[in-house]
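Structures given as structure tokens follow.
Both complexes shown next keep chain A, but they swap its partner, so chain B is in the first and chain C is in the second.
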Partner chain A sequence: MFFFILKRVVHVIPVLLIVATITFFLIRIAPGGPFSLDKNVTPEVLANLNRHYGLDKPIYIQYLEYMKSLLKGDLGPSFQYPNRTVNEMIGNAFPVSLELGSMAMALALIVGILFGIIASTKPNDLRDYFSMSFVMLGICIPAFVLGPILIWIFAIKLNWVNVSGWNTPTDYILPVITLGAMYAANIARLSRGGMLEVLSLDFIRTARAKGISEKWVIIRHSLKGGLLSVVSYIGPAVAGLITGSFVVEVIFQIPGLGRLFVLAAFNRDYTMIMGTVLFYALMIVILNLVVDVIQILIDPRRSFSE
Partner chain B sequence: MKKKIWFFLVLFIPVFLVFGCAKKETNVSTGNLKGILYLGNGSEPQNLDPQTVTGVPEQRIISALFEGLVSENPKTLAPEPGVAKSWSISNKGLVYTFFLRKDAKWSDGTPLTAKNFIFSYKRILSPPLASQNAYMLYCIKNAKKFNKGTITDFSKVGVKAVSPYVLQITLNKPIPYFLSLLTHMAWFPVDKNIIEKYGKIAQRGTKWTLPGHLIGNGPFILKQWDINKSIVVVKNKNYWDAKKVKLNKIIFYPFNDNQTEERAFRSGQLHVTYTVPTSKISVYEKNKPGIIKITPYLGTYYLIFNVNRKPYNNLLVRKALSLAINRTSLAKYVVKGGKIPAKSFTPPNTAGYTADTDLDYNVQKAKYLLAEAGYPSGKGLPVIELMYSSSVRNRRIVEAIQEMWAENLNIKTSIVNKEWKVYLDSFRTRDFSIATASWIGDYNDPSTFLDLWMTGAGNNRACWSNKEYDRIMQQASDTSNKKLRNNLFGKAEKILISKMPIIPLYYYTSLALIKPEVKGWYPNILDHHPLKYVYLESK
Partner chain C sequence: MNIQNDKMNIEKQKPDIISIENDTEKGISLWTEAWHRLKSNKLALLGLVIITLLFLVSILGPFFTKYNYFQQNLMLGASAPSLEHWCGTDMLGRDLLVRIMYGTRVSLAVGICATFVSLTIGVFYGAVSGYTGGKTDSLMMRFVDIMYALPFTMLVIILMVWFGRNFILIFVAIGIIQWLTMARIVRGEVLSLKKMEFIDAAKAIGLSKRKIICRHIVPNILGVVIVYATLTIPSVMMIEAFLSFLGLGIQPPMSSLGLLIRDGAQVMEEFPWMLFFPGVIFSIALFAFNFVGDGLRDAIDPKMNKK
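Showing the complex of A and B:
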């Protein structure tokens, strides 16, 4: 397992370099720059701004200088917030997104797997139809509809929680539900499918024939195999969740990474865009590795020597 | 199964009890008791350095943390003593001498002297700082030359510390509205000690503006700044007029979405918001008219032509398009919020000036002019590309205009939605035919509107040029006689409207939602509400 992990860690470096290079040039091709404002700046001011941020140098020199500081782990100053560095801003925003994302994923796993198992134990029964229809709502209703509906019911009409913010523990409830709903729905469908497949296999029939109760058939014998597809879904899903969902963060006014990311693109904050893209790429690569390791560990048909 | 149902019910009852029965304290109710104002402030401020930022959200906070030579009367916006307790004007309006109050201090207790202002003006005019507002100080003798790097000796610039508490400013030519210019944040003083502690005088992006570092001279001090979360300011005990300040604390919340902001207001999280979603305007006007405040604002929304592109280089086409727009319906039903249909480019009663022009809605005349231009019944006119930057309001406006032009002139318009930065870049590359635009005045004087359209002016995005217009505007800037100036502005405006490089649509109003307990908040045309005078009075 150690060499498997080591090999994959070594692969991370060229992946990040390629992502950094492509992003670097792509954002500079996009029309509009960080200093375009609705009131034009004079040519001298623009020249001085470009000079301060090194944008007056030839592009290959800008690229090399950026790569040099990147290797030192320095993502540079933010263009949009000149008195803050990108490292600082990601450092502040990431824990918030991590909290929100982990709670949403935990909720999605619990609800999703539960519904999926309930549905798979009596397929094509009323229980199955109800569970799956409920789950469909999570897929069909987008966050920017679900969020305001939940806010209207629980925050405005019932006044149980705040409409927005990320201060008290009760502030977490609605955003976590809004963000987790879609993932819960997908996990439910995947776990139902996986469980149904495993429950139809021969060794399950053997277990039942031996007299093992249905509860233990599910928990001890089918769960591991049935949730394989859920595990491979979770990897990239977690990366997406913990780097923040822009929509949920704007609706609930949460100071997370998703908002930072999208606003950086909107403001053409070059360094912030690079920083958040690279961070996201790193998260995906690490989480994919974690998922692969878990899959190999729980699937007896696979091994690390592959 | 039954056991399971009871199990879940028993589990959830305490949850319902906890949430249902506990009475929630809102920000507004706590704030009313403790003298804390909660404000929705639009987008997250880029920085709190008065000399390098340009946005309105920034200006609101900076006006609480700093104070200039002159302040504004909260009701009339008339210049009032600020750091300067009095001033004299001499040499036919070229020299202003300010007598600073001796009890004016920085928030750390150190005295604020004339030399601080010299340092501050040197900083904003230093080329490496690349301040986008430096041009506001160009009225000072030699300031423009210093900012452009033509001269490097700041002692040649027309600002002098005659004595520790006397500051003298020499202008290039007399400016009747000079004192109101001084209320803009570009003219605020900044503390030399704290700036040089964290970098050089004109170094951009240093850490001096962070909480715990920032030193200002205004009614409040910066306590906390969490990006995208909140900014907290508390009363400054060292402010010379501290006994007039009634609020103990102000918390500014950034919002990217005005629907989220309105919900926060409705649920008692905010005392004030500066924006109302279009869909909610009529709801508040009908159900809660005391809460929504609609005030004329110094700005104009208009369409701008690329006058070098066919067929918009043809004056008859431009006039026809303008005559076919029903501004009254547009303002009342599409934009809403008390907007006033435009009759000129400069909003009426700008520092006592009202243009004597008119913008008709006359479909017959529009059809006639279009035919005269060679496009009878719209035949032969290429599809009009109407560019706008992404927003709900802009989309509603262009869709309405598209419909008006189709119905009245039988012409096709394709509406082109561009993201904000791409929209701005299209002006730079001249890649547009007609676009939506707005202009908000920098200060309360017609020149801030009419200077825009002089040949070669930095913000003349129509690239329009008219020698007679330029000549009249130059004459106006050379005189300080108010009556003569207004007369000249009137003439210039007539030329602008008759040549129509732009189609003014409506004058802005500022919209706000304000809880009734907020007092000391007065409507004015610049939407400036100095927080020094605001207080909370619970029922």
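Showing the complex of A and C:
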């Protein structure tokens, strides 16, 4: 297992370098710079600002300097908020996104697996159709439609929760539901399919013949096999969860990483954009690795030597 | 009588075998078989009907309404659904129904064009990579793996913010996000096709690699390509709507469903119909494409049936 992880870590480094390079040059190709959007900046002030941040040096020197400071782990100062560094702002925003993401994933797993199992126990029955239709809603109503609708129903009309923000515990409910809905739906579909497959296998028939109650047949014998495909879905899903949070964070005004990135992109805050993009790439790669390792660990058919 | 019926029934059950004794017996091609399977999938048919309706209404609809999408009626302002305006009006007094029709047109157009872009790149890349095999294949796939790690959504956002909200750029940008999956799927199909005997026969005749790819491989992967193209369209529509939601996609006065939803979300407290109608239409469109895509997948390759 150690070598597997090591090999993957080694692969990660060139990927991150490529991401950094592409992003670096991409954002500098655009016309204008981070300060040209401020209307009340005279040309001299503009020149001074550019010189202060090293933006007037030739591009390859900027690139090398950025790479050097990257190696030290320093992502530079934020152009938009001159008193704060990118590291600091990401450090503040990331835990928020992490909270949001993990809660949404937990919700998605619990609801999804539950619905999937319920639907699979009596396939093609009324229960099945209802669960799956409900699940379809989750797939087809995107977050930016669901979010405002939920806000309209629960925050505006019924006034049960706040419209936006991330302060009181009740603030968490709507964003988490909005973000988790689509994943719950997909997980429900996958777990239903997986469970159906496993429940048709011979050893389940043996278990039933031995007189084991249906409950234990499901919980103890078929669950692990049926949920295998869910685990392989979670990897890419987590990446989507992190990026999907853009919309949710913007709708609900949550001070997380997604909103930070969107604001930075709009404000042409070079360093912040680089910082968030790199951070995201790093997160995605690490999470994919973790999920892959878990997958190999729990599936007895696979081993680390592949 | 009964024996005649039974005989006819048995013959009907073997549709894809051409009977040698009876010249009037017709075989059914694989496409027809797939079509029959598709037809029996009620949900997929419903999806197909919905999509056709959406296309017809969005393309032809505006000819039948009294209002066009930029005609403002400032005296009216935003008004609730009424006999005059079936979906109400937006804040500038523009009829929402017409705007929804135009928006659907734009969203569908973006969906199809961007899918086409990703299809072209993906199929070409996957076919060449799969068929060439060997080192070229590994290299190309390694490239795809690296691309997979790139947070494309973020790069597209950056692109859209800075290079202007060019209509064509949207297709290209979204297409770039999607081609990777298509390439992988196509490559998988090509790899399994490569081992079949008719390819060996083609090589034995002396067909050039290019001719083999064009004339033998591509028609056989069409099935998979169609399925995944149909499933890509809703993803693309989502991305476009998401971009419009952030203000990066289609620009007013043109409207897309994403833009309409965004505007609706901003004023949903006072004018909920502005959110409701576009949102419902958008979701219905996604439903329909997903069902049709699933149905096509079940119909064209029953082995892939996940049930």
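Assume the second predicted complex is superposed on the first by the 293 of 306 C-alpha atoms of A that agree within 3 Å, B and C clash if a C-alpha of one lies under 4 Å from a C-alpha of the other, contacts with A are read in each partner's own complex, and residues count from 1 in each chain.
To be clear about the criterion, a residue touches a chain if its C-beta (ideal position, glycine included) is under 8 Å from a C-beta of that chain, and two chains touch if they have at least 3 such contacts.
All figures in this text were calculated on a predicted structure; none of them were measured in a lab.
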Touching partner for A:139 - first (chain B), second (chain C), both, neither: second
Touching partner for A:268 - first (chain B), second (chain C), both, neither: both
Contacts of A:285 with chain B and chain C, given as first, second, both or neither: second
Partner chain in contact with A:93 - chain B first, chain C second, else both or neither: first
Touched partner set for A:159, first chain B, second chain C, both or neither: first
First, second, both or neither for A:62, with chain B first and chain C second: neither
First, second, both or neither for A:22, with chain B first and chain C second: second
Partner chain in contact with A:77 - chain B first, chain C second, else both or neither: first
First (chain B), second (chain C), both or neither touched by A:250: both
Shared contact residues on chain A - chain B and chain C: 30-31, 148, 151, 156, 250-251, 266, 268
Parts of chain A lying in touch with chain B, wherever the complex brings them together: 30-33, 36-42, 44-46, 48-49, 52, 77, 80-84, 89, 92-93, 148, 151, 155-156, 158-166, 170, 250-253, 255-256, 259-260, 263, 266-268
Residues on chain C engaged by chain A in the complex (per definition of touch): 146, 149-151, 153-155, 157-159, 161-163, 234, 238, 241-242, 245-246, 258, 261-262, 264-265, 268-269, 272, 275-276, 279, 282-283, 286-287, 290, 306-307
Interfacial residue positions of chain A with respect to chain C in the complex: 14-15, 18-19, 22-23, 26-27, 30-31, 136-137, 139-142, 144-145, 147-149, 151-152, 156, 193, 196, 243, 246-247, 250-251, 261-262, 265-266, 268, 273, 276-277, 280-281, 284-285
Chain B residues touching chain A - in the complex, by the definition given at the top: 19-20, 24, 44, 46-47, 49, 52, 54, 127-132, 134-135, 147-149, 204-210, 226-229, 253, 255-257, 259-260, 263-264, 266-267, 269, 419-426, 428-429, 458-459
